[in-house]
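To start, the structure itself, in structure tokens.
Chains here go by letter, A, B, C, D, E and F, matching the order in which they are written, and residues are numbered from 1 within each.
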Amino acid sequence: MRATKRTPEQSRNVKITRHYTDYAEGSVLIEVGNTKVLCNASVTSSVPRFLRGQGKGWVTAEYGLLPRATHSRNQREAARGQQSGRTLEIQRLIARSLRAAVNLKALGDHTITIDCDVIQADGGTRCASITGACIALVDALRWMVAQGKLKKSPLKQMIAAVSVGIYKGTPVCDLDYAEDAKAETDMNIVMTETGGMIEIQGTAEVGTFSHEQLLAMLSLANNSIKNLIIEQKKALSAE
Amino acid sequence: MRATKRTPEQSRNVKITRHYTDYAEGSVLIEVGNTKVLCNASVTSSVPRFLRGQGKGWVTAEYGLLPRATHSRNQREAARGQQSGRTLEIQRLIARSLRAAVNLKALGDHTITIDCDVIQADGGTRCASITGACIALVDALRWMVAQGKLKKSPLKQMIAAVSVGIYKGTPVCDLDYAEDAKAETDMNIVMTETGGMIEIQGTAEVGTFSHEQLLAMLSLANNSIKNLIIEQKKALSAE
Amino acid sequence: MRATKRTPEQSRNVKITRHYTDYAEGSVLIEVGNTKVLCNASVTSSVPRFLRGQGKGWVTAEYGLLPRATHSRNQREAARGQQSGRTLEIQRLIARSLRAAVNLKALGDHTITIDCDVIQADGGTRCASITGACIALVDALRWMVAQGKLKKSPLKQMIAAVSVGIYKGTPVCDLDYAEDAKAETDMNIVMTETGGMIEIQGTAEVGTFSHEQLLAMLSLANNSIKNLIIEQKKALSAE
Amino acid sequence: MRATKRTPEQSRNVKITRHYTDYAEGSVLIEVGNTKVLCNASVTSSVPRFLRGQGKGWVTAEYGLLPRATHSRNQREAARGQQSGRTLEIQRLIARSLRAAVNLKALGDHTITIDCDVIQADGGTRCASITGACIALVDALRWMVAQGKLKKSPLKQMIAAVSVGIYKGTPVCDLDYAEDAKAETDMNIVMTETGGMIEIQGTAEVGTFSHEQLLAMLSLANNSIKNLIIEQKKALSAE
Amino acid sequence: MRATKRTPEQSRNVKITRHYTDYAEGSVLIEVGNTKVLCNASVTSSVPRFLRGQGKGWVTAEYGLLPRATHSRNQREAARGQQSGRTLEIQRLIARSLRAAVNLKALGDHTITIDCDVIQADGGTRCASITGACIALVDALRWMVAQGKLKKSPLKQMIAAVSVGIYKGTPVCDLDYAEDAKAETDMNIVMTETGGMIEIQGTAEVGTFSHEQLLAMLSLANNSIKNLIIEQKKALSAE
Amino acid sequence: MRATKRTPEQSRNVKITRHYTDYAEGSVLIEVGNTKVLCNASVTSSVPRFLRGQGKGWVTAEYGLLPRATHSRNQREAARGQQSGRTLEIQRLIARSLRAAVNLKALGDHTITIDCDVIQADGGTRCASITGACIALVDALRWMVAQGKLKKSPLKQMIAAVSVGIYKGTPVCDLDYAEDAKAETDMNIVMTETGGMIEIQGTAEVGTFSHEQLLAMLSLANNSIKNLIIEQKKALSAE
């Protein structure tokens, strides 16, 4: 049924490259099928104004799509002078999700900014960004410990994300662009390794989706995210 | 448990005033507890560039918060020169939801723009906007039929929205601002009168939420939205 | 002569609703005929940078038109990313006028911001804004006294505003939109209760206006503003 | 009483240089005392969108202050990315005033844009702009006739402008910057050669101004503008 | 003398990867030492407004630096709402240089846009962009020929660029970031394979540079660019 | 060969008027042929954030073109809300060049901003700006000494600039607009009085330029700049 011969519950292959660039405190290239996102974590020793004096750190994120990451070229947001609503929505989602992975109190007066820049987009870029960014975040936290900026890592748990949907009437996992463009329902789910839910964002693109379909999609996501977190840990144990 | 003595499953009172202003083709003031949103529907006889020549209409939405709709004053977005990410995210949600209520093919070469301006914000403004905007949309469609612009209304179904959440460990329905600010999980749900799901957006603000909590919240939303649609229909049958 | 059967010197009915919203320190809905403006006064305990260290307070104003306040929809200024020249000009006028009502030295290190948001526009919105904003300002000053932020109200005098014009060759008072659109001359006048002039802004839209016509318009404005101030005081004495 | 030894009714010397730059269809440097404004009129053979197909022309204006036209440097508006409210207000005034000088129907499908750029600012820059721009406008209209674009000049009348005010309790004419900064009332008046009024904009900076003071200021303006128009005509008759 | 043990005339190693991404008509990752730039060429079948109807094509370029391409994080230009002066200057240089490589008349009604996005910046990013972009451009032109959009490639010549400078008093070739930050003179040179000069941009950062130093730098550039063009051709002959 | 009968090596006449406006600490109108630029230097007693605490001063520049400085009107950059890439590039060049003329350490905690506003543009505006700005800079430094802000002038050397190019195959000096628009190569050179080079920016507009042509252009520039510096010194010795 799926153009790529995958079964409905089958996710795409994931490839994780740590230390992809030299300067960032955490730098991860994540490839999910043909989707490729570079996730760079930067540490600064200050916090945004609204947090000053509270002894809490902050984790934030920015998202961008290289103009030709997609099939046809998109206008460069810097040239347009504005990030689109879609971009703002995605980077808010990434940042919220990552904050769920960290004990901000234990982070102290530091901010970690994760830049997720999409080199190639074949569907699921926001989920790939979250999954990759979590690894870059861990590397940045490890760097902080190694530098003596923190006594121990304030990581609470790994998180990962996957998109699920209803495609030709069937719940499917990890949609590529061609599937996503035709899906009746599109849903992004962020979870922890123990199955706790962080974010769920689902939209009926055609008609509505039923309670049963929602449950089926949740189940697909649950399995896929478990596997993604295994991949994350495998990558993080190397070196 | 709730500051306002409501039971967990109890929604706030809803008051709907149609024809609130004189010029818009649909104009509804919706009050959900202390939250007040003015929803004005405007009809124009053209479609956005990306739809031209396809014989399809369009429904879009914009959202704004009067600067002093909230407890302390927010900077005016027009003065700041930019809509915030939160605003863009909300108006994208409202517009997507409303498009699910209409047969765009049957709308022909028309655009309906729904402005949701929050006069007073006590939590749940995006859900109140959707619920009120759907009524303004119906009035605009009726006006189009009365004007001979359409033979019959392209309305597919009524939709409404409610926020649910986990507050002090308990799933609760229709959070006010004080509850929302402290909720562990916050979720907005848009559904049709027959229980079809249009949108689900849930975020864990503290920790995570479990599958069981998700089911409990969905159940609360389902009941509340059924009641909201009864209120919508009551309002629309008057006159 | 006038479409609405008013005599040339006849102003429209005024309706003033105080405490229209719950959160602002002063909140007034003013209705002048079909023109409806919500005026919310917000108090903050700081002053703009250019006044720091001078022991003087500040009063400022912002003005906005809801997109469908008018017969056809206007683009939302926040979406456009810029306030129009007209908007900036109006809010500068409102703010200057209100500062004439207050002893800024006696206001101390506080800023009062008055948001005038037009719900429905049928001509004379800037004048209705000034007249309504002055009441919201008084309520905010009373609140400051009640809160112990000020010993006594620094109000110097009430001010109000009306538009006058030359319509079909005759000086008329308080033009509605239909008249304003066709008027040969359009003039906005802000005065105190004792007839002191604060602002006069007159424009010949067609041809020129004569000294005699100017005097006739001033006389109409003088009477109308006296009545407006009686209405303001009536509203302020209730509670 | 006046720092510059002028009597209250005395205006500053005016110097008008036509053909100040080589490329503009009308180019006038006007000097009013130490205030110097370059007024360049540009003719284009099209009209703004809102006028298309109406067989009417348009006259518009833009205003700018060179950053060091003033005693201390102002931020460059182009660098700031926005024209200030003051700039927009002034250029709207200049444009409205100039349109009163021209029969737009007779102008045909042409737009005349007048750029008023202040080289040095010693008070009264908006009035000097209007007075100078009217001459540049006449030169542009003459050029259009010479080029065969128009059969005869659509000029209806000359217009000129002056600022008047209340300074140390006395009505005075043509305030320089030092006077303007301390004036109790500040008023800009635009009139025709026959005494018809085009614009009046008066503001009480301190206290209020009385009806008698208004009449005195109008009288000063009336005389001053008559003289300005004599100067304009003298300049235009040269060559 | 050089931190990296290179001789003054020694350039860094160059690595060229064609078809780096899947969607662009030309896609090249160029690595010059630690500097890495992704150059994507996009073809569209239209030309900018100013060229319409002239039967000429256009080549343009955009440049961006990923926020953490550098040692410390730069603010994202899309978030800042503006491209910096440096960015605009660089992309103007890249585009001008590339247009020198193509016969625009023979390109017909097509635009080729080359996006140069810097993944990692260790000095010389604008020169690496030009050298890499020229290869992406050739691939895009080959694609156009293969697609039948052009009969033959309108390439006139290969171009490449290198930075040279005066570092510790000595003319050196292909500065890395550490050298560039301390160089007394910094110069970027774009040349053709036959030694024709396209662009020269040199700046004395400390003191001045002499005629003799200029000649020495030109000579270094000449040799380096010859080698770069050999590398370009080697890469293009593969496949 | 040249339309204006000049020989290839002949520069245009230069006219320098110091103290052109009254308020700036240095104010120079420079006329190079028909090109006229007003250069105003403003002194402030602070430095930009990135220099604070380093005991170094700063020299910066801004550039603008009056809308009708050119043959046809350009859109006003302040109205457009953005400076063009060309403007940013030019003002960066002017500022870099001027900083080469001053010992920034000896300037202390002061910033000198030089505004170069083009009144009339007939080619070579960036070079005329640099040549004129250097004189305004000297006047501002003299003013600082006279005011006791500096013990002695931190001027290191005079600098001046000229454009050279290849026009109809021949190297020519100081191109006017008509020549510049058709030149095959366009080059701007900034030098000191002793022949030290500060900036060289050359672009092949058609084809390429050769090493020999570069040398010929450099020689023309060298002579022309020597003469410009004689003119600068003559102007500065007056008074």
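By our rule, a contact is a pair of C-beta atoms (placed from the backbone, for glycine too) under 8 Å apart; a residue touches a chain by one contact, two chains touch by 3 or more.
Being a predicted model, the structure only gives us computed values, none of them experimental.
Chemist: Using direct touches as single steps, what is the fewest number of steps from subunit A over to subunit F?
Modeler: Minimum number of steps from subunit A to subunit F: 2.
Chemist: Among all the other chains, which ones are in touch with both subunit D and subunit F?
Modeler: Chains touching both subunit D and subunit F: none.
Chemist: Farthest chain from subunit C, going by mean C-alpha coordinates, please.
Modeler: Between subunit C and the rest, the longest centre separation is with E.
Chemist: Select the interface copy of D-F from among B-C, E-F or A-B: the correct pair shares over half of its contact pairs, counted by residue number.
Modeler: B-C
Chemist: Whole-Å distance, subunit C centre to subunit D centre, using C-alpha means?
Modeler: The computed centroid separation for subunit C versus subunit D comes out at 28 Å.
Chemist: Once you find the CA centre of subunit A and the CA centre of subunit D, what distance in Å lies between them?
Modeler: Here subunit A and subunit D have centroids separated by 59 Å.
Chemist: Distance between subunit A and subunit E based on Cα centroids, please, to the nearest Å.
Modeler: 33
Chemist: Can you tell me which residues of subunit F touch two or more of the remaining chains?
Modeler: Residues 81-82.
Chemist: Looking at which chains touch which, would you call it a line, ring, star, complete or other?
Modeler: Drawn as a graph, the chains make one closed cycle, so a ring.
Chemist: Given the touch rule defined above, the chains close into a ring; going from subunit A first to subunit B, what order do they follow?
Modeler: A, B, C, D, F, E
Chemist: Given the complex with subunit B, which residues does subunit A contribute to the contact?
Modeler: My answer: residues 82, 85-86, 88-89, 91-92, 96, 100, 187, 191-192, 195-204, 207-211, 214, 218.
Chemist: Which stretch or stretches of subunit E touch subunit A in the complex?
Modeler: Residues 21-24, 27, 34, 36, 38, 40, 42, 44, 62, 64, 66-73, 76-83, 87, 113, 115, 117, 119-120 of subunit E touch subunit A in their complex.
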